[in-house]
Structures are given as C-alpha cells and as structure tokens.
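Notes follow once the structure below has been shown.
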C-alpha cells in the first residue's frame, strides 16, 4: 500500500492520544490500540522505503532503566533518534525504589528540554507502574506551574503489570501474520509458562499478552503449573471480560489446536511479592534463600518445554511460535530451557521479525503523544 | 517582549565572549554577565515558543564529570542537544587527578570534531579550575599547531572555586523575581551555611553566589558557624571590593530583613584542604576519620536549619528561599537537614523554576563562545 | 586543492566499497585503500572549511567495545555524529566471548534502525576478527530474510589481527608528510617493539602497519627481541609478498637509515595465545602468574627505548617518529618506557596530527559503505 494511503487510513480511528502518557494498554480504547499498531506499521514502511519520519528539530528523549535491558533500550534509542530527539539516560536510580520529593524533583530537573520519558521498572510488584505515575504527576505539576514549557509524556517500557511496547509489537506481528485485525478473531493463542534455569522473570509479558489479545477477539488460554499464577485480580478481570479466556495447568492442553503459542518463563506472583519485600529490605540472604527454593520448585516442571512433540498438538502442527527474546533454548543458551533447539530454529526468523516491530511501536507512541496533526506532519515528509 | 526585540536588545552589551572559555564569573565584565543572563532568558523564550535555536549542523559537545552529577549533566546534555551538537562523555578520568601529558594528549584526542568541552571538577581544592585551564591550554596549542581545525571552548560546570552555570541561573531567577538587574541593587541576600547530615560538599556555590551577587549591587551577608569559612583570599577580595559585604556567625543575623535567603551546607575550607590531600594519597582510613570528625562537628550546628521561625525574621517574613538542589529537607530526605519541610514546600516550585534557567545559561555560554554574529544567526531562526 | 577538484579526483579509483564491511586492509585493493585515504583527507578538508558532510537524516551508529578505549571511541563517536547518525553503545558484551545464537540474535536486535556497527575486540587471539564476521553474517541473514530493512555495515575498530582505522590514519599522515603515495615507495619504515612497564598489548598495530605499508612500496623492517614475534603466518605472508621486508632482533639495526620509526610495545604472540586461553577459562591466578613472568621477561629489554642516541642512527638523524598513542614516555607517564621524554616532545605534535586522521578515516569507511554515489552526494554539500 502506498504510504499516502496508509496515512490517510489512520484518520479513520477515533483516538485521543495527543498529550497522553502510555502506561497500560487497558487504559486505551481499541481504536487507539489499532491506531498505534497501524501507525507503527506505517513508520516501518517509511523506514523500509528510506523515508524519514524525523519530526522533532531537537529535544531529549530520556530513558530510565531500573533493570538491565538491551533490546528495549536499543528499541527506545532507535525510536528516539528516528523521530529527531537526542537520547539521554538517567542511570542514577537503577535498582532503587525512590518516592516522593526525590522523584518529583528529579523528574522536573531532567525535563527542562525533554519531550518524552521512557521508563522500565519491572522488578518490584506494586511499584513499577506506580513509579511511572509519580513521574507523570511530577512533570504535569511542573508544566502547570510554569517550570516546564512543555509536558514530556511518559512511555511504559515494561513495568510490574504490563509491557505495552512488547505486546503491541506482538500484535503488529500477529496482524501481519494473519492478514488483518479481523482475522485475529477466534484464533487460539496459548500463553504458557515454560521452564527456565533462572528465576524472577517479570509477569508483565504474559499479563500484557492476555489482556491485549483477548480484546482483539483472540481465544486465549493461559497455562502454568499450579501456583505460577499472574496477579490474581488481573486474571479475574480478563476472565470476567472474556468468557472464552481459560486458565489451565497443562502446557499440552493449552497447545491443543492453538494457532499461536507463546511459551515463556515467569516467576509466580507470590514469589514476586516476597521478592519485592526482600529487595526493599536489601535482604541478600533472604533473596538467596528464595532463589534456591524457587529454582528447586521450577525444576519440577522441566517438562514445560516447547518441543516438537508439543508443537504437533497445535493446529496442523504449525502454530506460530512467539517469544519476546532472548529465549532460553535447550542445548543452545542452557542445558534445559523454554524451547527446544529445533522448534526455536524453525521459528527463529519469525521471532526476530516479531521484535522488529518494537522500535516502530515506540516511535508511534512518541509521535502520537506529541503531534496533534500527526498525519499531516507525516504527509509533509513524503 | 518579542523575540526580535529581545535579540536586538542584546546588542547593547559590550562583550567579548566569542572564542573564549567560561571559567570564572570574576573574569567576565558586568556587561558580559548581563549578556549571558539575557541571552539565556531569550533562549528560554525561544524554547517556550517552540522555536529552535539549533545553530550547529553537527559536532560534539564533550562532558567531563569528575564527580557524580544528575542535574548539571542533564542541563549540559539539554543545552548541547538544543544547539545542534551531539553529546559525548569522557568518563575515564572520574576521580583521578591527571596532569601534564595525559591531560594535554587526551584533550586533543577527544577534540578533533568537538565544539565545546564542559567540565565538572569540584572535589579537589586547588585542582578543579586548574585542570580546566590545562585542558584549555592543551586545545589552544592543538589549534595553533594545526592539529585541531577549531578550538573547542571550555565551560566550567563547577569547580573548586566557582559554579558559574549555577550562579548565573540564580541571577536569571533573581532578575525575573525582582523585575530587572537594576532592582537587585540594595536587595539583601543571605548566603548562609546550613546543617546537613553529610559532609564534603563543595564551596563553589556559596563562593559563586557571594562573588557574583555583590557585583550586581546586592547587599550580601555570608553566614556560617565559626571555622566554616570559604577560601580566605576569596572572602577577603569580596569584602575589599564591596564595603557592604558582611560575614557573620549567626543564621538569624543574616536572615534579618533579608529579601533572599540561600541556606546550604558546605564543608569548611580547612576540611576541604585536608580532604584533598587524603584523596590525592588515596588514604581511605584518613578519609573515614575526617568524615567522622566533621560529621560530629556539623552536629553541633543542627539549629542552622532554615525553618519558619527564622523565615519570619526576613523582610516581611517573605524572603525568597533559594537552593541549587537537591536540598536536604528535614523529615523528607533526612531526619534533620538544611531546611524544614514547610519552608521547602512553600518555595519548592520557586527552586524548580530557579533550576530551569541552567540549561539555557549553558546554551548561552556555548553559543556566545562559538558564533561571532550570534544575534544575526538567531534572527534567522525566527 | 579545491574540494570540488578533490571530490572529482576520487572517481579515478576503482573501488567496490559500497555495501561492504571493512574488516581487514588485506581484503581491500590498493585502489580501495587509496580511495579511503583520499576520501578521509577530503572530509578533513570539509571540516576544516566548516563544511558539513552530514549525509544521513537519522539512524544509529552502534559501537561495541569489548576492551576499554578512549581515542578510538571518540573517533568513532565523532565520525558517526558528523555523518548524521546517532551513537548507541552496546556495552553488555564487554570482556565476554559470545558466540552462536547470542551473537546472531543480539546483532539483529540492535540493528533495526542501525546503519553502521563499529567493533573493537582485540583481547583474544583468534577471536576478535571472527566475532566481527559473526556479527556481519548475522545482519546479512537478517537483511536477506526481511528482518532488517537495510544491512548495517561492520567496521573493524581493532581486532586481534588488524587495526585498519589506525593504519589508514597512519597512512594519511605519511602521505601528508612525504607528499604523495608515490613518494612512499622505497622509504624505510622501522616498526619496532619497545619496552613498556605493562604487558598484554595487542599485536594489531604492528601487524596492521607491516601488512599495509609494504603494499605501498615502503621498505619495512620489523624488529623485536627474540620471542616477541607477531602471528607467524602473517609475518610469513608479508615476507613472501615483499622481498624487501625484513625481520631483525635489534632496534638499532631497524633504525639505521630509517625515514620513519614506529617503536611500540606488544605482547609476544605465544603470550597472547596463552593469555587468551586463561581469559577464556577466567583463570585469575594463571593470568597473574603470566603477567609476572612476562613483565620479568620484558624487563630484560629496557634498552629497547626510542631515545636520542638511537634516533641519530636514522636518516639524517631526522626520521619521523610515529605512535598510535598513548605512548609510555620515560619520566613522564612511567619511569622507563617506549620513548624518551626528549624524543617524544620533539615529535609530540606530529603524533597528535597523526591521530587527527582517524575520525575522518572512520567517516570515510562509513560513507563509502553506505552511499553508492558518494561523490555526487558530497558535491551537493558544497
């Protein structure tokens, strides 16, 4: 499709993203989520054709990573650069839980010439998304009181609840794979826990996937070993809103007839809660003890591996395998992991392609929050 | 005021900033300091109106931080980005005292495509400003000998003597608060020591404030507990040049009828001297011992807190409270600190606004040192 | 010479650099090496005249430094900025040897909006250049499979075999010093080991120099104490291709009648091989043991210092002294080093000038690999 047509097509969506933060997909309307996804597609096409979507003259895009990250960091840096901003990383707050005046003041001090603030804070249950809101409130106050000339918008680069840049990149991949949003309806997606030789992986990816994909009419099954549940209220809400949503305790059951499988390790909600408390108290012995206990528990579920036998259970044995990467691949990155070498290799390029949507999703979030007449601005770049 | 009028107005100042470093406010004429302040105001207005003052096509702005910093680092990064340069941080020299060939060579090696070098080096008495001059001399030689095509200018982002980007941001705030440079004359400013549960804070802020604000006709009183003096020669010079300048040993006395109060902790000159020696010798035990001794001494002066009672002593009980941030706020960031929660909260937005001048002051320093016909260049951007 | 004439002159070289990586000078034709050198000269002249060669609108230049670096890091950052890209540093892989899926995946994950990838990996014999090829293969696959819209090119910023950005900067200096490529023919260059109080310096500089300069007709003598040889196959190849190439075990012999001397410390090939094994096994005790042994062995050759007496042996006593910097200078940066204070001071500015070619060589590598009609694009900037 021509870029011009694509841009014109974006106008059909009713959306109110200008001036808004992007903190949870659940706070956005279906039209807004479609808009971001199609805008990301369009920006991807701009890039493919060697066309620029640099709309800022200058200004900073600030990243705050309170957890290590390579993929999301580079996706954010790429998006920030492509839109015309300069990247600046605030690294002082890594692995601290800061609140109150410290957050309020720092947020303003770094924002005098900032346009966007991307935050990753996924370590502490009940804290990550809250921290993003504190930052957003602080710059809102700074803006209202005349300290900031413009109000930088906050983009959630992964928190304790959601990972919207990932789940929307995944949505972009699914739309491309199945052809349209419409075609996603009724497709069966298995979001399942998988064994990994590490512990403490955040809940945000599975939570983000089940909340988002059910809204697009997918038939989602969440599977995990007993005790490995997500945030209970979140699971309950998804179930309440989507009668077709199922939670099961068997990988095989979830894979049965699935069109898409997303096998990925995470730590049980109860463990994350306990871990958060231990991290807050800097209880190193407690953390070591918890890790030992969890790894031992995980080890009971080594058969939760996505292998060729389980893949045969899926629709025609040919379900799409998805992963947010990096995956723990048996005999490649570890002895026993989330996925067998054969399955991963078969879908490897698919997972790379899935990831390729992320920088453009972030760019779409940045541009839609900062330019009121975005389509017109982008048309000028053609 | 219109931007065009503001730019035209800048021409009234006699200034010789092109091609020069900015190392101490005392080396600049009053007209030059006014020029920087009003240029910063103008650039702030550019930004507020969404107008660009990006004058460089490319080139590097290099930062050398030999002490941790968030606020100044972001201010410098913001200014560098807004003027069109890319930021590059030289972090190898952190907390080393380097001299001679190492400085000379490194300064040239990083400068082949550099336009500006911002340096923060405030830990060592007698060393910070000296280091900046070594860097400046090195790139001057490199330029003269044809190694560098252009001579990058050095901006002092805080040294052992002065903190010009802070004091000029403060001057911008004061001008805005009182309406004009003229109105500053005769206004009483209390630059006072305040208690903090830490030690070793640099002397550059109080030194920068008393040297700069006296030159603008302010009636400055410097207050500190006995023994907490600044560099003796600097105090003597300010006193000699300004008969109205007073040094007292009572916070209350300084606050009396003050129009502006600036209560802030610092380490006594003698302690900084001793600390410099210990740091140079990497004497960890000595440093621990010194810290212990100092904290004990500080503790005698916990009543040097800016609270509501002391604020009542000021002009109409309504003096402007200033701080370079972050402040040690009692019951907020520490148990007992420089300022009470109530006083800080009342002036919190004022302190943020004060800080908002800094990136524009730095941008003003960069642009005035690099563009001979700056006003004309900026007029083209309107 | 006029820039336009210089740009037209570049067309005389037959070259096929577009879309190619730059991993070894030995893989490039003489015309291609001349092209890079003259293009670098031209870009240097652009910069000197204040003319921009910013050809990218946006995009990332990614650096991967698996060893500390200041000079090359700044050269790369400068070049990336000057061509219009934003710099992004992947620092997760420092001092790890990664292979297979980790490299393949990471290379793609960071490259969605990347145009160039600069890699320094010089610690491990047999690994550095291999790693670069793995990255190149990975992005090639990503490009072919549609994951990447464009294929970022890889630039070798120093590996275990070669240091092309250094040797080509050195070539630029030599061309400037002697007037033309033609004039290099028959000039005698002494690439010699020199004593340093450290150990483990890479072999890439001497290897890069002897392979490159012999191809330009220079009469190269390599000198080192017995046992301090370079990669044996590489030495043999250079000898085979260039009958005039000599290896001797005396600094004095190499200096005799030399037009150019390049005295520089390195670790013996055998030591580097052993060290690689120890590093791969994280054998700290073994590494300490090896260092001790090597430093003791080095100490036998403290007379391998480039001093005034030895310089008198060179052509007219006035050979050009070269160094990639930083040099270990006796009585300046160490007690006993590679070069005496007097010799270094005499040629200090020459070594700075030599280094000044590097950012422009890197810019030349970037631009020639990314723009098919580069001369036309650059002509538009005049």
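Annotations for the structure displayed:
As written, the chain order gives the labels A, B and C, with residue 1 at the start of each chain.
One rule holds in what follows: a contact is a pair of C-beta atoms (placed from the backbone, for glycine too) under 8 Å apart; a residue touches a chain by one contact, two chains touch by 3 or more.
Here the structure is a predicted model, which means the values were calculated and not measured.
In the CA-based superposition of chain A onto chain B, the rotation angle is 120 degrees, rounded to steps of 5.
In this structure chain A contacts its sequence twin chain C using mostly different residue numbers, the overlap staying below half.
Spacing of chain A relative to chain C, judged by their CA centroids, is 41 angstrom. For chain B, the set of residues touching two or more other chains reads 86. Partner chain A is touched in their complex by these residues of chain B: 44, 47-48, 50, 52, 54, 68, 70-71, 74-75, 77-79, 81-82, 84, 86-87, 325-326, 329, 332-333, 349, 352-353, 355-356, 358-359. Contact residues of chain A toward chain B in the complex are 57-60, 86, 88, 90, 92, 100-102, 105-106, 108-110, 112-114, 142, 145-150.
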